[in-house]
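A single structure is presented below for examination.
Per-chain residue numbering starts at 1, and chain names A, B and C are given in the order in which the chains are listed.
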Amino acid sequence: MLDIPNSLDARIEALLLRDEVERFNAEYCARLDRADLNAWTELFTVDCFYLVTSRENRDAGMPVGLVDCEGIGMMRDRAFAILKTSMFGPRYLRHMVSNLRVDPPKPNGDFSARANYMVFEVLYDRPDARILQIGEYHDIFARTTDGELRLRERRCVYDNLLVPTALCLPV
Amino acid sequence: MLDIPNSLDARIEALLLRDEVERFNAEYCARLDRADLNAWTELFTVDCFYLVTSRENRDAGMPVGLVDCEGIGMMRDRAFAILKTSMFGPRYLRHMVSNLRVDPPKPNGDFSARANYMVFEVLYDRPDARILQIGEYHDIFARTTDGELRLRERRCVYDNLLVPTALCLPV
Amino acid sequence: MLDIPNSLDARIEALLLRDEVERFNAEYCARLDRADLNAWTELFTVDCFYLVTSRENRDAGMPVGLVDCEGIGMMRDRAFAILKTSMFGPRYLRHMVSNLRVDPPKPNGDFSARANYMVFEVLYDRPDARILQIGEYHDIFARTTDGELRLRERRCVYDNLLVPTALCLPV
């Protein structure tokens, strides 16, 4: 029998979960940065909710966002539209995540998490990297029957929006 | 009995401690970003030391800083003054922490740590996020009798200072 | 005997390895930020390969980089040259790493990893911090006979290059 006290078990479990989300978010960013939007949509549940909204709206209690997808079908349509309009063409993106906070899972395995994000943009004909968007992810994670993490909800609450067209870019 | 070799035990303990500090720093930043400065002061010990100073000063061996609080009373006065002057009003802040390094605890439980930090500012009437301050935290952590982490010392050593008034903002 | 299931063992081992690389990268950045380039070269293997190249070149399948060191001798020459030309003189640098992804080790102990990086520059006579370079590390790690991590390969693939002289600065 394993003689680790329950509290240590619990701490290790919390650590493993936080690490799993760190790796999930790194993979999420990597897919966006290499413009693989189909692979991006695979990180969401079928009944997912994806929202990009301003901190100002959120603080005012307005649930509406400028980008708002309900369900994997809308996500895929959106990914297709972005690729079709070639928004990705003339720029590189670089997503970075930090300050992750993970809440304990509920009985059904879902759990909420928060993290800060930064999106940098590099246009091909300009030498400098611009901060396109910074903000916070408000997430609800779920597990597939295989035990893989998926996003049931991701609300991207941005502090700033450099240019209105940036809303066409996935966060 | 548990048959994990001591070295593995020690590695897991170091890992758990580093994770605990990561979560502490994420919570620290979250309190500052939502302008909850009273909650911010609760993350320090009663006899805390909080300093904001330039890398130039530090490299020159000058211990003095432009912001310098000794004890929780001064911290609370400072938090009150910042809120009173409404410095937080016309802007959003976003603190991010990375590159954490944690030293092993001393017999009394105190330990030192370092991390890099970034503070971004978004003014309400401007679309771009500015790097307000980047630098390094030089910390000494202590534990309460309940085992919670508190900052006994936080020295914020900034590489840059975008505007002198930025010193009024907590880091 | 320890009754932890193998899968938990494996998860903890992966976690410990990821943590070790996080600490390695934090130390790597710290040595660069304090301009201790000799200590920087000690983080590489004798037969190391160090490359700084653009994302554009990499995407085009061009293996050549603008900075290209093969072996510890070239690394040391480079460090000496940078210090000699006092490129470090009139500026502070701050390296930050995030979004770490670590692959499982091969039988010989080597493993590959990726991370995002940012390099900020602060010139002494300007108040703002500039994003000098952002990009991705493509690494192969090895272990010394003492079990310490070393970089066998680090390919720094930058999204942007603010100024051509920035190539003289280590990443």
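Just a few scattered comments:
Definition applied: a contact is a pair of C-beta atoms (placed from the backbone, for glycine too) under 8 Å apart; a residue touches a chain by one contact, two chains touch by 3 or more.
Since we're looking at a predicted model, the values are computed, not measured.
For the pair subunit A and subunit C, the fraction of shared interface numbers is less than half, so the two copies use mostly different residues to meet. Copies subunit B and subunit C of the same sequence differ by a rotation of 120 degrees once their CA atoms are superposed, given in steps of 5.
Centre-to-centre separation of subunit A and subunit C, using mean CA positions: 26 Å. Within subunit B, the positions touching two or more other chains are listed as 2, 12, 15, 98, 131. Of all the residues in subunit B, the ones that touch subunit C in their complex are 2-4, 11-12, 14-15, 18, 55-56, 98-101, 114, 116, 118, 130-131, 133-136, 159-163. Interface residues of subunit C, counted against subunit B in their complex, comprise 1-2, 12, 15-16, 19, 22-23, 25-27, 29-30, 92, 94-98, 120, 122, 124, 127-129, 131.
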